[in-house]
Amino acid sequence: MKITTRPTVILLSLSLAAALTGCSEQAAGGGDSAAAGGCKPADVKLVGQVRNESNPYEASWLTGGDEFAKTVGLTQQRLTYGGDSTKQQEQISQLLAGDTTCLVMNVLPNGDSDTAAIVKGADTAGAYLVTQWNKPADLKPADYKTWISHITYNGVESGRQIGDALATAIGGQGGIIALQGVLDTAAAKDRFAGLQESLKKNPGVELLDQQTANFSRAEARTVTQTLLTKHGDKVKGIWTANDDMALGALEALQQAGRAGQVAVVGIDAVPDAVKAVQDGSMTATVSSDGTWQGGIGLAIGFCVATGKLAVKDLPAANRAFFAEQFLVTKENAADFAQPKTNPSDFECGNVFKRVAGALT
Amino acid sequence: MFAVLSPRFRSIENVQNMVDAAAVLAVVTCGITFVLLMGSIDLSAAGVMGASALTVSLLVANNRNDNDLGLLGIGVAVLLGCAFGCLSGLALVLLKVPSFMATLGVSAVGLGVATLMFAGVQPNISDAMLKGWAIERFLGLSYLTWIAATCVLVGWLLQRYTRLGRYAFAIGGAEEVLALSGVRVKPYKVAVFAVAGAFYGLAGVMVTSQLGAGLVQAGSGYDFSAITAAVVGGTLLTGGRGGVLHSAVGVLLVVVLTNGLVQIGVSPYWQGGVEGLIVVAAVAAAVIPQRRRNQVVK
Amino acid sequence: MSVPASTPALEVRGLVKHYPGVKALDGVDLVVRQHEVLGLVGENGAGKSTLLKALVGLVVPDAGEIRVRGEAVKLRSVVDAADHGIGMVFQEQSLVPNLTAAENILLGGEGPGVRRGVYRWDAMRRLAQEQLDKIGSNIDPLVRTDALSFADRQMVEIAKVLRIEQRSQHPPVIVLDEPTSVLESKEIETLFAQIRRLREFASVVFVSHRLDEVLEVCDRVAVLRNGQSVGEVAAAGAVPRELHRMMIGSTGSDDHYHENAAAVVESGQPRLAVRGLSGTSFQDVNLDVAAGEIVAIVGVHGSGREDVCRALFGAEPVTAGEIWMDGKKIDISGTRAACAAGIGYVPAERKTEGMVGPMSVAENMTLAKQRARCAGPFVAPGKQATVVDRWIDRLSIRTPGRDTPIQRLSGGNQQKVVLARWLVGGDIRLLLLDHPTRGLDIGARSEVYRLMRELAASGVATVLLADSLEEAIGMADRILVMNDGRVVSEVGCPAGGKPSPLDLVKEMV
Amino acid sequence: MPLIALLALVVALAIADPGFLTQRSLTAVARTAAPLIVLAAAATLIVLCGGIDLSIAAVASLSTVLLALWLPHLGGLATPAVILAAASIGAVQGVAHVLLRIPSFIVTLGGMSILSAIALVVSGAGTVRVVDDSTVKWLELYVGGYVPMSFVMALVVVALIALMLKLTPLRSWISATGYSESAARLAGTPVDLVKIGAFVVSGAGAGFAAIMLVSRQFSGGPTMADNLLLPAVAAIVVGGTAITGGHGSVWRSLAGALVVTLLRVGLPIVGVPSAYEQILYGVVIVIAVTLTLDWSKVSIIK
């Protein structure tokens, strides 16, 4: 214990000294903004960041990113943060502490709350950034120089689309249960809002119960099991906020011996869900095309970094937009069975082709 | 209490449902109980279950490769769990890392191995037997429940009738005495962790059967739930007290609690909180009768 | 293989063991004959425990040899020693509390009780019963050990040690390390009967601090001093004083209990007055202790005297009763309140309750009276050094320094530090001493007694739970006898008018 | 010893990616480590008392929500108010642990769930944005242009706790409680108060960590800090503080927190794929504990 006094004193005096020498807003040596976009293609560094590789949808992101990187002769640095907001921030700030002049990031923020910090960090460091899915409404790419775009999907619409599909499947009459996603996400809230819109349109459909299963297959199975016992045969359909939960619900139905009698809908169009739609055990899902998402963010950033697009020329509608999404039903499921990328989607002239409307 | 609040709660169906829902947790808790009896702790369930879930789903008939090993694949997955347990145990006895950290490390390794095997595409199982475990019923209960019941029985026999079980008990009671009596404690510690690992391995297989697919997150949350269940059942964290049957009761309590909350329609926001409160209350109630002024509580 | 009866069962020649800075064993010789009870005595630090550990393979000696029935052996572990027929009953009871007696007896060598790792409970029971029968104990082998009384547990230990007979085909050598230190007198009698029985088929090494006991039960007594053998005496006809002289190297004081230093008891208002104190294991206890007075409470195991003592210190719940100090009623809600009231407590379990082993002498000494080393709310290192050094000096505590962890000190010195803890504050009015000399050798005991006398002389009131009746009689001015949670009688015990132990025993049972 | 582990790790990372050893990169590590340091250092006291606090992350998460909610109304007062609230949460848990005699593991395990639920309800299960972050912005400054203010504050917290222990009898009381609670109690140590105090400090630390998180992320979220629990406990143990109590120090936790932070952010940045990253994390943590544990002070390892 003898050693403790000295470092303590040194530290306290250091911090005092520091207070006297004054503070600055940012770390020295950072932030040489390169919004001009004069990078050589070979100098561009591509980074894709998602929660984890152990989920098919996000894994397809990284695949898409890799495929795009291949078309321009680069490799993508794959980052995963295991659904841990703090870890995501830590990775980003570490990344931004390196060479940021030609850095292009395609980021899936863990939640709305995480976006602001990522954006501010990238803006200060002058790194090109495309974010997807999560963003607080009052944070706008238009206010920043290197935050090129924010891409998201109209959750209300997808929630309503599958809600309607579900209503049709059960003949517009009967009880359904809903499994919500992680409650602290815009996606979960929007999708549920969509379901409520759909319920208004279909007065015959009654929402018996709603619980969260946190976007997780395992939790969805347990919750469904419980709700099935609680409501018994009144349950005609199950609305879930993503496909993982839909698949969990399917397992629960199978175990309850009610497979095929209850309609299930989900969102994301992961391969298993598409297959389930194909063989009829699921009614519908919505595809946002994960591989495209993984590639497009990098493509937009690459085009701006190499000067083929200029941020200031982009129309407001392209800075924050809903991307096109597709309702997958038995009829068109075959088209979505194998996720594939189309290199032409990633050409600089085409990167904004799927804009389905400005984000309001 | 829940029975009063929700008539559905009492239904036979719901009882079946609850018992079925307890299956996986019961197996995990069985394993963790042995470790807790020694006075150690085990946080590796999540990682080990993830690794075994992926292993089994890649070894039985699935959509990723042409393997169709059936029971053999299940055996390999259980053995893998066993090996991870060994790893925890070896880190504890050879490197002298406290079990808390050793198992946390092994859990991370397990998740890493699972992610490696996952390789971006979810392996769905098509093995009829394994899928059947979750669906087929015998006397109204799913096969998984019977497997869990067997595990509890095996666990109890292990604890009551084998040297391993009795020594695990004794290590929690007075480890130094064992050494003075000429018992080499270390191999038993490793063996106990290995047995626990095997239970987690089996639990991973069971989750795979339930979900029809191998998930890296197959075991997430089970580590703390199992400790909670064991403690609610009366197994002490300090070791030497409690046992598999205590833990089985704890599992039922925890499952009834979760199920009951959903049944009476408690808002999902509050559920976790109410569970936490009841766990604390359960332990507090258990402690009150033996409360003495000078007892040490850590 | 038969061994001539004249060959010693165990022979130790020139055993040497160094520890950093200490020569624990410095050429010890020891002979244990067949079917003999050998006493082994020596002050703390004389090397007894190191020697015993060497005998059972817990310590590997640096030089010298150990011969078992004439054959030189190397003992590397307890198992090694057991294979050669040497076993030990440890001072701190070494049973696993949550296992059955049978399991404890057979621990580590279940033999046919466990086949391929699977327990045969009936066989376990039978095997354990065989061991228990040998010592004539009627304990149920399948009862959990923590449900047994202290004495029964000791029986289990002996039964456990006797199992080494099966390992070697010879009469075993049983080492009993301080077996009597926590037993009541009646239990001791039972134990001695066991030891005499053991002699029929084994050799026994009996280690104790109580020289009268050693002489009573042993055939021969070997004395250790400073890691060397300093002599042997035949027990028959020897007197404790002779042994004592050999142990400390000179004739011990005749006045073991320093009776001539007994304080003058102040009459008038008592320092401590207890009225109708009741708790879970005692009822309606009344007790007066005057300043300068030493009051001993005696009673058998379960008489409730330990709990009364702890209750006075706020460490045991009280259901009724009043406690007055110097005429003021005080409320003892916890140990903090007791400390503040000037009460100090020396627990019986020194290692687990008395001291904090890994912490320094200085920290242990100032633990209760932080003010003694503080200036305002802060620790003043200079003040601490002065205070601690002064008490180290005054109580002649042998320690390398005040910053040495207390666990590195010998038992006697540890106990002095624990006592000093209550003295550094200078505000002590009542001392509760729960077996303050347990596990201490004669020299250390004597110093503790002297200290008690000095404190009494300075006006401190003392409640003593003595280690033996003899000690109670020797030290106390007055003795209360407790039986089944009640004070059944009070015996005056002035210097020159001491009651006989027999009288007290009659009241106790 | 923890310092050796720290140095070894820095060297290994620098070899894997020479760009890692730049000043900017290290600055980022320091900034990242700050909340973890505070969490770990404050919770160290409970570990020293022989207990464990599993609720620190949940307290921190709840605190971020409270801070974000209170900033518009209380302004500058929100910071002390949040720390006070977090400290009182700690106090409640401490009192429950001491009075109800429930093991700290259970109390804080329950506390973790309860506080998470409260955070969800209070925040409406959503993120609470901080629009005007001027009052917490000072934590995002850089002292002398190089050292992040949050890191400096973390060091100050560690130093303050260390000084408090060093200069007052608290150190003796805490160690005695951790090594042998019954001995401490029988020496009149205010064991209960010491434990409650440790919980209060732990809570306050979690509150302060929350302020750092909010200043970094411009928002509060009901699950924001949840994933810091195991890293914080790992930091304490990697630092070499005995999980059984008694032996250790907050300085060790500081070193431990830096080791854990380097592992968390260093491995992916130098290009280790995520699967191997987890495996390496597990292995390195175990090795680090092996290096830092002082075996002479701990007899039986559970």
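So that you can tell them apart, the chains are marked A, B, C and D in the order they are listed, and the count of residues begins at 1 in each.
As a convention for this text, contacts are C-beta pairs under 8 Å (C-beta built on N, C-alpha and C of every residue); 3 or more make two chains touch, one makes a residue touch a chain.
Fair warning: this is a prediction, and the values are worked out from it, not measured in the lab.
Graph distance from subunit C to subunit D, where chains that touch are one step apart, equals 1. With centres defined by CA atoms alone, the chain at the far end from subunit C is A.
By number of C-beta pairs in contact, B-D leads over the other of B-D and A-B. Centroids of subunit A and subunit D (each the mean of its C-alpha atoms) stand 30 Å apart. Between subunit A and subunit B, the centres computed from C-alpha atoms are 33 Å apart. Between subunit A and subunit C, the centres computed from C-alpha atoms are 70 Å apart.
The set of subunit D residues that touch two or more partner chains comprises 120, 125, 166, 171, 182, 185-186, 274-275. Residue positions of subunit B touching 2 or more other chains: 115, 176, 269, 294.
Counting partners per residue, subunit A has 52-53, 183 as the residues that reach two or more other chains. Contact between chains, as defined at the top, is found for A-B, A-D, B-C, B-D, C-D. Looking at the complex, you find that subunit D touches subunit A at residues 19, 22-25, 27-29, 31-32, 35, 120, 123, 125-129, 131, 138, 140-149, 152, 155-156, 158-159, 162-163, 165-166, 171, 213, 216-225, 227-228, 249, 251, 261, 264-266, 268-269, 271, 273-275. Put simply, subunit D touches subunit C in their complex at residues 166-169, 171-173, 175-176, 179-180, 182-190, 246-247, 297. Per the touch definition, subunit B reaches subunit D in the complex via residues 38-41, 47, 91-92, 95-102, 104-113, 115-116, 175-176, 224, 227-228, 231, 237, 239, 269-277, 279-280, 283-284, 287, 291, 294-298.
Contact residues of subunit B toward subunit C in the complex are 160-164, 166, 169-170, 172-174, 176-183, 240-241, 292-294.
The touching residues of subunit A, when paired with subunit B in their complex, are 52-54, 56, 59-60, 62-63, 180, 183, 209, 211-212, 216-218, 221-223, 225-230, 232, 247-248, 250-251, 254-255, 257, 270-272.
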